[in-house]
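Listed next: structures, encoded as structure tokens.
Shared between the two complexes below is chain A, which pairs with chain B and chain C, respectively.
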Partner chain A sequence: MTRLTRRTFLKIAVGGAAVVGGPGAPRAQAKTFKIGAVHPVTGPLAEPGQACRLGAQMAVEAVNAAGGIKGKGGLKLELLVGDTQTKPENGRVEAERVVNQGAQMLLGSFDSGSTNAMVSVAQQKRVPFLIDIAAADPITANVAKSVKEGQQKVQYVYRNFPTASSFGRKAVQYFTEIFAEAKVTPKRVVLMYCNDLFGQSQSRGFLAAYKVAKPAWTLLEDDVIAWPEPPSDLSTEVSKAKALKPDVISPITRPASAQLLLPEIRKQRLDILGIIGPGSPGFYEAGQIAVLKDDVEYAMVSNPWANFKNPRTNQVADEYKKRSHGKTFDTNSGYSYDAILVIADVLERATNLDDADAIVDALKTTNYTGGLMQYAGPIHFNELGDNPNAVTTMTQILGQKAVAVWPREAALQKFVFPRPRA
Partner chain B sequence: MKWALGLTALAVLLGLPTVLSGYAVTIFVLIFFYAFLAQAWNIVGGYAGQLSAGHAAFVGVGGYTAALLLDRGITPWLGMLVGAALAAVLGSIIGYLGFRFGLRGFYLVLLTVAFAEVCRILASNIDAVGGAVGLYITFTGNPRQFQFQDQRAYYYLALALMLLGTGVVALIERRRFGIYLTAIREDEGACEALGVPTFKYKMLAMVVSAFLTGLGGTFYAFYLFSLQPNTVFGIPLSVEIIIRAVIGGAGTLLGPILGSFILTPLGVPISPPHHQARLAMTAPEKRTAPAPISNRPPTRPAA
Partner chain C sequence: MAVGLTLIFGVMRVVNFAHGDMMVWGMYLAFVLSTRAGIDPYVSFVVCAAALFVLGVAVQRGLVDRILAAPHEMQILLMLGVALVLENTALLAFGPEPARVRSPLARLTWDVGPLYVDVARLVTFGLAIVLTLALSLFLFHTERGRLIRAAADNPYGAMVIGTDVRRVYATAFGIGAACVGAAGALVSPILPFQPPTGLSLSVTSFNIVIIGGMGSLLGAFIGGLLVSVAESLGAVFLRPSLKELFSFSLLILILLLRPAGLFGRRAS
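Let's turn to the complex of A and B:
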């Protein structure tokens, strides 16, 4: 056997790279409309990223099974999937790749960093981009600004997802309405949050919205309690909260910290009206409820939520559960599913699918009511390119199940607040 | 012969964007960019043998500075130099603390990582620089703002950066400076005994390296259009930089470039999309079981 020298190694490496990087075998296929769906399917955000991808795939199958884009001769949709590996630079790389392979629209990409990297590709290459999930306000606002200032001609980026600032606004609104409905005015609401990117942005949005709204209830703005994420113990933080004599605990958690926080609140016997989170994971997931049991009963949290009053949502959720090995049809799979439905609607109405600007014109005039998520009205895009009707829903754990309880039009059950005393 | 080879390679690289697809150009941009960062690290980590594992801090300082200055109306072409200068200042502080107290090997690694982490935590908690949410740069495509409508402009810019880095290293290598650095790496004690001012040269290496890395930070910011503390100050970026130089050959002129040509394409997701999408559509039951839901990272968008 010959020794592997550096030279032979390099030859092999270069040869291998050429094989991998070379063009694939030509495929004979009917004409389809290609959508590049880029999500973090590997890396730290793999789980939600895979949910997004599966949601989008199921929606594409559903649209195709129903006859494709009827107004365009039954044109079928095709998903070109991409993976950001949870790295911003790959948002750009993958967007370039799918566009290169013929994607005429982009979809993505869950984390705001990768999404903003994709925005530059969409604007550079004039490819309409519908953001299915990403909350940072500047993503669309920046593009709208540069179009307004004349630095870009057309805005190619639109978003059907609540923005970070709207999360806070809606949470404050729901708190106010629920307290009013329950005829209580809590004077000591204590905000607790995980001190990472997500927790900071959520708590900041909530505090800012509270300042603007000036509601009748009182948030202890100067006594906000943060913990480093992931925490190993939250007993100190909970004792601090207890010392503030709270009426309501308002936590922003991650799944792991929720598992520490809620049992600790029980152990330290906090005498409170209830636990209401302004928006975070940790309460509603099937796995979390199984672990937290009674500790999470009656806890409320405001999150993007599917509209289970719609029979079609229940059908899709059942199919999703089968195909994802038992997972809930939630924010991620739901918004990606809806994004494809919106795209299908846009393609029906666009005058010319080979002209990106015609697709954008159709996007701008969207007025779609077939979405499976809970909206405050039809899906449409405002001057920033955001859907102002993409809102959160207050859910509560009732009978060990997460149920929509507010706003009234979304509620499947009446909320229980104040929670019954143990 | 060497010159002829080099010039041919350069001519090929200059001509490539005319034949490459947008996707391939993007990969080349990343190859050049990481080669540049690795080349900058090579000065202090390769030639001088001082293992810095916190170079991401310089990328972050450079990028944040240029982005924040643009908000105040200063073009990133200038902001780039300011950012690099600030990175060099940070480099000199880290270098002074590390070299003045004779930290070597593992201890220097800890010090440099610690500084990068301090930067990350500071940036995450200072609202004026965007906090944990970071900064989002508006895409305008305006060359004055270091942005281009044509992807090929980034290609040439990244290529220029790589050539700049390599040029600086080539210059250093041929001078007494480079020879001193190599000597320090091989046997610092003997070097000192012969009268080489090791502290001074190690400091110089660190400052030059930090300055160049800071320049790279501006490119990063205006190529990806967002800066988040975790990505630009995080340990993973430092490792990305080091690993390219080490695999290609630390302390050699072409090592970082070779390393980047090997590793960058490998870091790009290789997913034959048609195949994958079709597999998922026709045979959902064949997919591997997803991980359990509890104790996982967020199931909600990060920002």
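Let's turn to the complex of A and C:
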């Protein structure tokens, strides 16, 4: 009997693997429309980035299950996913990678830094790019300006998300309406924010909108408190806020800083009417509420929010909850989901999917009403490439659940303000 | 937190770039023990320290021991690799959401006149003093501690008198990791954490250890106090967003005026 040596064994194993794993009879691969979805799936923004990816993935599955792009022979969608690792420069690297792999459209990317980096790839390689989340105004405005001035021929970048300036305007509007409805006029609203790009642009937008609106309530414009993000301690910042004798604390947080700020406000026993944020994550996510518990009860925040009056939103939210192990279908998952629905609508109407400019023409004429988020009207794109109907909703934590409370047409429950004293 | 880092550097001359990520694992262990077994982190820190001791010994025996004689850049690359593995394993195991351990102690505050005292921070501070003292007693008043110091001062000499230097190194690395495991559990009710938190914790630890003096336990303790007081004063007298300017300015000052740190020994 021949002894099986290690060398013989390896020869057999490699040969066998080649036979089993090698290409068999050529199989016809169904053609798909590839969308490059780039988000921060690892790094500090992994939580929202993963929510965006799952939202987009679920929407692709829903579109395909419903027969794909019917006007194009049932063409199916396919996601080519990319990860920025929460590093802005990787937006460009990952966008290039997915385009080289065949992506015909781009989607992304949650934070304004990496989204901006993706813009140059979209414009240079002529790949239509629908921004699902990123608020900084210049992202689309700069491209629109260069097209207007003739430096570039076509704008390939469009956004279905509120801009930072619209966040500010809506927040000031909702603050004013809620205070009027509650018949209180706070004289000392203290703005506190995380001092990163997001926090800075949000606070600037809020302050600018306040200056323009000149409301009856008073924001302490000269006593704005910022902290380095991520913070390791916010006790000094809250002490400073307490010394200002605030009526309302208006924070712009990230999830981790919200977990420091809200318990600190309770510990230092701030005697305030309420906590109302002009727009930031950290208050409404299921995981955050589970950790913060009563510290976040009655806190309000003006955010892009899902339209839970729409039965389809509730169906998708239930499925999302199952697939994400109990998370809420919210800003991030919701806007990424809607972006895919908008892309599907655009592909239905585009005259030629192999021509990027034909897809852009379809984007420009979008008038879509099937979105699951709260909009002020149909999704369409203005001269800057932004959807002016992408608006925020005031949500409040009531009974340990985030609920839409303002404006009236979006509200599922009446807000509680001033908050009950402990 | 910084005591563990300074111990590892003092004994092996290896800068543990995975220090912050080990601390994050201490935090997650406290989180699991709290949510699954209902054990308060102010009790479970002992278990976390023991678990991190085992991890530290394994990392030292399996990896660090092989590159002790290698150039510093090789050591840095290895420890950065360990940090990446620890961070991404935490991401896979616990997900990306920020977490915080709930403890009844963390909800308590005492009013002392116009001041308020955060009980959780006070307890953590007290336990940090106790643990540093215990480590100091161990190093200076036990046989094993003397062996560690001997191996740190002169590994060749220690070997000549029959010390198992490899074993001493493994113990020292394990103790360093245990310190950071305990620290992680103790701050887990105060500081929210997520897998990438390790990097900022490592940077803070390096800042503290450089200010206090690399390899000095007392230096790490005093450095920690100096950094936190500097940041708090910076937040009060400057703007809160500039508070890190104070602690890093302190670092630059120390590097300029006393490069070995406040309690560090000059390299011969």
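We adopt the following convention: the second predicted complex is superposed on the first by the 388 of 422 C-alpha atoms of A that agree within 3 Å, B and C clash if a C-alpha of one lies under 4 Å from a C-alpha of the other, contacts with A are read in each partner's own complex, and residues count from 1 in each chain.
The rule we apply is simple: a contact is a pair of C-beta atoms (placed from the backbone, for glycine too) under 8 Å apart; a residue touches a chain by one contact, two chains touch by 3 or more.
This is a predicted model, so every value here is computed, not measured.
Colleague: If you stack the two complexes on chain A, which partner ends up touching A:L353: first (chain B), second (chain C), both, or neither?
Modeller: So A:L353 meets neither chain B nor chain C here.
Colleague: Looking at the overlay, does A:A376 come into contact with chain B only (first), chain C only (second), both, or neither?
Modeller: neither
Colleague: For A:W227, is the partner it touches chain B (first), chain C (second), both, or none of the two (neither)?
Modeller: second
Colleague: In the superposed arrangement, does A:T42 touch chain B (first), chain C (second), both or neither?
Modeller: After superposing on A, A:T42 lies in contact with both chain B and chain C.
Colleague: In the superposed arrangement, which partner chain does A:Q259 touch: chain B (first), chain C (second), both, or neither?
Modeller: A:Q259 sits against chain B and chain C alike.
Colleague: Applying the document's definition of touch, where does A:V291 land relative to chain B and chain C: first, second, both, or neither?
Modeller: both
Colleague: Is A:A411 touching anything from chain B or chain C once the two structures are fitted on A? First, second, both or neither.
Modeller: Neither partner.
Colleague: According to the stated criteria, A:Q50 is in contact with first (chain B), second (chain C), both, or neither; which is it?
Modeller: both
Colleague: Comparing chain B against chain C, which has contacts with more of the residues in chain A?
Modeller: Partner with more touched residues of chain A: B.
Colleague: After lining up the shared chain so the two structures overlap, which partner does A:A117 touch, if you call chain B first and chain C second: first, second, both or neither?
Modeller: So A:A117 only meets chain B here.
Colleague: State which residues of chain A lie in both footprints, the one left by chain B and the one left by chain C.
Modeller: Residues 42, 44, 46-47, 50, 255-256, 259, 285, 287-288, 291 of chain A touch both chain B and chain C.
Colleague: Residue numbers of chain B touching chain A in their complex, please.
Modeller: On the chain B side, the touching residues are 21-27, 30, 124, 131-134, 136-142, 147, 149-151, 223-226, 228-231, 262, 265, 268-274, 276-277, 280-281, 284, 287, 289-303.
Colleague: Quick one: which bits of chain C touch chain A in the complex? Just the residue numbers, please.
Modeller: 88, 91, 95-100, 102, 106-107, 109, 116, 118, 190-197, 200, 204, 228, 231-232, 235-236, 239-241, 243-244
Colleague: Hey, which residues of chain A end up touching chain B in the complex?
Modeller: Of all residues in chain A, those touching chain B are 13, 17, 20-21, 24, 27, 42, 44-48, 50-51, 53-54, 57, 60-61, 78-85, 87-94, 96-101, 110-113, 116-117, 119-120, 123-125, 133-136, 138-139, 142-143, 145-146, 149, 151-152, 161, 164, 196-198, 200-201, 204, 254-256, 259, 279-281, 285-288, 290-291, 303, 322-325, 327, 330-332.
Colleague: Under the definition above, what is the set of chain A residues touching chain C in their complex?
Modeller: Residues 42-44, 46-47, 49-50, 86, 195, 225-228, 230, 232-233, 235-237, 239-240, 255-256, 259-260, 263, 267-269, 285, 287-288, 291, 293.
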